[in-house]
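In the two complexes below, chain A is the common chain; its partner is chain B in one and chain C in the other.
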Partner chain A sequence: MLTFVIRRLLYSVVVLLAASFIIFTFVSVSGDPVAFLRMQPTASEITIQRIEERKHLNDPIPVQYVYWLKDMLTNQFGTTTIGDRPILPDITRVMGHTLQLVIAAELLAILVAVGIGVYSALRQYSVFDYSATTFSFIGLATPVFWLALMLQVLFVYIYQWTGVRIFYVANLSGVDPGTGIHFLLDRAQHLALPVLVLMVASIASYSRYMRASMLEVVNSDYVRTARAKGLPERSVTMRHAFRNALIPLVTIVALNFGALLGGAVVTETVFGLDGMGLYFINALNNGDPYPVMAWLMVTATLVIIFNLVADIAYGYLDPRVRYE
Partner chain B sequence: MRKRSMLLLTGAVALVASLIVGPAATAKSERQAAGTVIIGHDQEPVTLNFYITEGNAYTTSLAMNPVLASASVYNQNAKLVPFLVDAAPKIVRANPLTVSFSYKKTAKWSDGRQITGADFVATYRTYMNPNYDITSREGWEDIQSVKANGKKVTVTWKKGKAYAAWDALVATSPMPAHKVAGQNFNDLWRNSIDVASGPFKWQSWQRGTQMVLVKNNQFTAGPKAKVDRVVFRYIPSTPSLFQALNSGEIQVTEPQPQLQIVDIRKNRSKFKVQSGPGYFWEHMDIQFGPKGHAALKKQYVRQAIITGINRNQIKQALYVTPGLVGSAKELPVLQSHIFKPFEQYYQPNWKKWSFSQKKVITMLKAKGCTGGPNTPSASNNNIWSCPQVGKLSFRFTTTTGNQLRQLTFEIAQKQLKSVGIELQARFGPSGTVFGQVLPSGDWDIFMFTWLGGPTSSATSFGLYGCGGDQNYMNYCNKKASNMLQKAQFTPDPNARAKLLNAAEKIMANDVMSVPMYVRPGFLINSTNVKGPVLNPTQQGSTWNAQGWTVS
Partner chain C sequence: MSDRMPTSDQRAQDNETVHMSRGNVGRPAAGGAGVGAMALPEEPSGAGADLTLSYESGVELKARSQWAYARIRFFRHRLAVASLVVLILVAFVAIFAKQIAPYGYDELDLENIAAAPTLEDHHWFGTDLLGRDYLSRVIFGVRTSLWVAVFVAVLSTLIGTAFGAVAGYYGGTVDNLLMRFTDLILTLPGLAVLLTAAAYLGSSSSQVGPLTISQPMKVGLILAFLFWTGLARIVRGVFLSLREKEFVEAAKASGASDMRIIVRHILPNCIGPIVVTMTLIIATAILVEAALSFLGFGIQPPNPALGSLIADGQVQGFETWWLVTFPGLVIVIIALAVNFIGDGLRDALDPTQRIRA
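And then the complex of A and B:
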């Protein structure tokens, strides 16, 4: 097991280095962090040259990459090209916000999806099952940006019509979020719509996995044996079938969670949430490779960690799986 | 079993209750926020220090101008109005240019200290410190001496280097000498600022969400702010900005040109929409250097290009027909590179190039060009070839992902093709086209925006003079260049405008660039906020925030 983990981590370092070089090259070629200065008739050439020299913008890209690598390893991701602003505090802040969004969305999505999946499997080909299947496909097919905008329009309309604000359509907190319970309620009202948007796709996907897995398990020999032993149906379903049916879902959730921590780019942008996704988009728009690379390294590391967690969890939950 | 069900039921009831209580709780906090104006903006400042390159953004000025007030403020007509100074600064001597002004006796920092000439001296020293990333030192570099005597300041420029935009320079927000002394200015006011000279003080900044300014009770240089707070909410998506406006989450915004403005404009009982030309102008530059197309060095070809583009139609299609601006009068066709239509010295120097497709064909035929159409036709595929310079087929470079530029190109391409001139798209990401292609001179026609301001006219030499720093076109007309250079050092605005307009007449005849349109600015406010007035300068809509009221 330990050998497996170490080997996976070593592979990951190589993957990270290769990915970082490719992304660094693309961002450096396509973006110019001092472009906005060049467009200003009065911008000081000396200042532009100082920035270019300080950040080695005139050096070949492999040389720039080495400078970035050195900065990342010795200076906590380094600083932005314009203004030398430390990157780590920003990444830490936006990661905190994304965690709030993703944890809330994933927990609620798992709860709802497991319920739907289990009930659909137990009542296969029932009206509920057909309805859940239909809504799952709609959920999977709905573009995130469209759903986000529609929800905004809907709740703005409700506000204009009733004068009651149920949910906010932008930002992470109100002008005066208050403290204690007021703060929590304010945060909930701001996060509700983005959480709902993320939930829809997750529920649609997870419920299908859960249904398929549950169907496979309820028809297996050991469940039949449990019933033959005379165990109550509830005990058969929850203790013998449900727990085993969860195994594939754990893997999917772990993988999805890792990817989502990189930021729900579209959702965060539409709702103006100061998270990882929005941070990435802003950095990309500014053409500054340093924050883009910081985002990439954090996201890639999380994906690798959660992939590893998924593999380990799978082996832990299913004794038939062995690591070589 | 029953116990579990009860627990689940209780949980569900609590969840529903929280959604009902939530709005009530927030509604209470909103009531408490009376006297607050909430401005929505799609960009967040990176720092509070607007003097350095990192803070050189409109959003920083918008938030910080009411805090670190300018000595004189640009009003809605882009005219300087004394704010912290007693009266408009005066020229004491013409050569060397010497200017004098006095800060008001009532002008004080929020910590109670008097604003004096020492603050302007500190500002000058900070600007000139080579270790600091100051965006522009233009004009400051040519100062010979700055003398302070109490509240009075006398600035003298080097002989023969009379800085034309001296009035804008001395209008700069003074820096507090007692705060900048001994500090690394590049790191100062990065996240917070504990001093103010304007009607508002900085209070808090929740990065990614909002910045809060509160009324500066120590402000005595003018009328105190009428509202308690101004809150800037940062919403990066423009459609969401409009939703936030509709839902009352923000009350004032300066959006990018979007079709939602048309709907908002119709709702007059709830919103007031102001629009008008600003200082950012779109233009098509023509390359005169060795890497440009040989045909573009011929004046008649350049004249044919400008005559073949219907600039009025493009402006109409982009802004007027969709209803973004109230009327065509609000956004006239740009007929000058140097002055903007709302400026006092604006002259329509390029008006002589009115759209005429027949004229283009006649002009090219007269110069011996062959292979083009005999009459303008939308389906024309015949392209002109002219003596010694070949086919009139040009590379057209601009940035990808800008829908307005894309549309401008498509219209211009069709119009020119119907008279036998071909434009070939060479679009690229902004980093590549601005960072590499533009300075290299390896292009034929390049469309982009200059981000100008009230002082841009005075410094036109850099853009159009022979060897100018940002003359990427490699255009050089010695007569015009000499005038532009002289204008740089002509402090009298009337004499300077005369020189600039004379130079532009020559440039217009040369057709070194095609002025397209000035990007309009938009200001929308809920009708419960009174007072916001659109300002075309970097001063932004908060230029008169102290006079705003909210009901």
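And then the complex of A and C:
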């Protein structure tokens, strides 16, 4: 087990280095972080030169990469090219926002999806089952950003017609969110639509997995044995079948959760949420490698950790799986 | 089968069903290796010939080729057939966009600015603040987006199949090297690579030797680079399990070259998963390209694309809701249709599926 974890982590470091070098090259070649300053008549030549020197912008890209690597390891991801702003506090802030969004969305999605999946499996080929299947097909075929925009349009029109503001369609907080319960309510009104959008995609895929694994378990021998022993149906489905059917879902959820912590890029962009995804897009638009790389390292590390968690959890929950 | 919507016909378990000959998916029965075919006479010519044999048991059997069975199973899947019709219609409109679209892509109708959807003047999807007809823009957008998706599917299928076939057939060091590379691509943070590569490759077409690589094609290349890994693993799996089989040995003994064994003897057994994966790639490519273009990193103007049309619509505000609604609806319809077709194909090409004779 320990060797498995160590080997995986070592391999991950290699992947991380490869990925960071590729992306550092892409960002450095495609964008010029000081382009904005160059066009400013008020920015003096010396300012630009100083920035170029500080970030070694005139060195070959592999050299720049090594400087970045050193900055990341010794200086908390370094600073932005323009403004020399420390990156770590920004990342911490946006990560906090993304966590609120993703945890809320995933918890709700798991609850709903497990319910739908189990009920679909127990009533296979019923009207409910077909409706759930149709829903998940449509959910998987709907672009996330479009769903987000449609909800925005809908709630803007509801507001215009009725004058009642149910949910906000942009940003994370109102102008004056207040404190205590008012703050929470304000935050909930802002997060409701993004959470809903993320939920739809997650429910669509989780409920399929849940249905499939529940079907497999329900038709297995030990469930038949439990029934043959004369256990009440409720105990058969809930204690014997349901708990084992949850195991595959753990893996899927862990993988998806890890990926989502990098920010629901599209959702955050549409709703203007100050989260990881929007941070990445803004950094990319500025052509500044340092914040892009910081985002990449945090995100990729989280994905690696959650992949590992998924594997370990699976091995723990299902004793048939063993890692050499 | 997790993602299947069986129709009532498929569910029916019937005693009088004919088992498919396993072992040799997607090859005509005359291919030789169809050992499982239970002493059925070879089909004379063409598909669907109704040769009825009466056995002593009284069970009636019809001889059909693998393709005939696949076709029958596909056409039983009503949603898949309906989706196929829809997709063919959409593709037809896209191909003949220039003839069908009522207006040009950038044509301005200054008398109808920001018109809501109406039957007048063919502005079915309304017009934007510049008076551009959105039906026409959507038609041209579908043309680009669909083209990119098909390009991605074909290219990544070719790459994935080649990688998987070579890795699985030769095994050993070759397999190890190719699969490590595949794993590396698979574990790369996809979104970051996608967005940064799109930014890197630029917003215009470029010239590589005598080849002009158009900007949408660049987007397609990036997507294909990330999308082939799944198929490579599937194909490798099939090759690994089949390369020790007797029919491969027989082919080797009769002096067939590696290339011939790979292409003629083993590859046809992967047709099912390849075709299904390819359709799924089309659906994914449509959605991912739309998201990329929406964020401004995908297909760039003046090339029309569904994602950037939605971004255009978003910029123009909530009053012109139709600018956002219609391009998105079209994406949903295409993706849904492709997924249903993929689902139907998965059932149709799975030889373990039974069929009512």
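In this section, the second predicted complex is superposed on the first by the 322 of 324 C-alpha atoms of A that agree within 3 Å, B and C clash if a C-alpha of one lies under 4 Å from a C-alpha of the other, contacts with A are read in each partner's own complex, and residues count from 1 in each chain.
Heads up, the rule we're going with is that a residue touches a chain if its C-beta (ideal position, glycine included) is under 8 Å from a C-beta of that chain, and two chains touch if they have at least 3 such contacts.
The shown structure was predicted, so the numbers you read here are calculated from the model rather than taken from an experiment.
In the superposition on chain A, no contact is made by A:Ile305 with either chain B or chain C. Of the two partner chains placed by the overlay, only chain B lies in contact with A:Gln189; chain C stays clear of it. Shared-chain residue A:Val292: touches chain C; no touch with chain B. Between chain B and chain C, the partner in contact with more residues of chain A is B. In the superposed pair of complexes, A:Ala35 makes contact with chain B only, with no contact to chain C.
Residue contacts after overlaying the shared chain place A:Val153 against chain B and chain C alike.
Contacts of A:Tyr130 after superposition: chain C is touched, whereas chain B is not reached.
Using the contact criterion defined above for the overlaid structures, shared-chain residue A:Phe26 touches chain C, although it does not reach chain B.
Of the two partner chains, both chain B and chain C are touched by A:Thr269.
Taken together, the two complexes place residues 29-31, 149, 152-153, 156, 269-270, 281, 287 of chain A in contact with chain B and also with chain C. Across the interface of their complex, chain C is touched by residues 12, 15, 18-19, 22-23, 25-27, 29-31, 125, 130, 133-134, 137-138, 140-146, 149-150, 152-153, 156-157, 208-209, 211-212, 262, 265-266, 269-270, 280-281, 284-285, 287, 292, 295-296, 299-300, 303 of chain A. Put simply, chain B touches chain A in their complex at residues 18-19, 21-23, 25-27, 29-30, 32-33, 36, 38, 40, 46-47, 52-56, 130, 133-138, 186, 190, 206-210, 212, 231, 233-237, 239-241, 243-244, 246-249, 429-432, 434-436, 438-439, 448-453, 455-456, 459, 462-463, 469-470.
For chain C in complex with chain A, the residues that touch the partner chain are 1-3, 5-6, 11, 184, 187-189, 191-193, 195-197, 199-202, 283, 287, 290-291, 294-297, 307, 310, 314, 318, 321, 324-325, 328, 331-332, 335-336, 339-340. The residues of chain A lying in touch with chain B in their complex are 29-47, 50-51, 80, 82-85, 90, 93-94, 97, 149, 152-153, 155-156, 159-160, 164-166, 168-178, 181-182, 185-186, 188-189, 269-274, 278, 281-282, 287.
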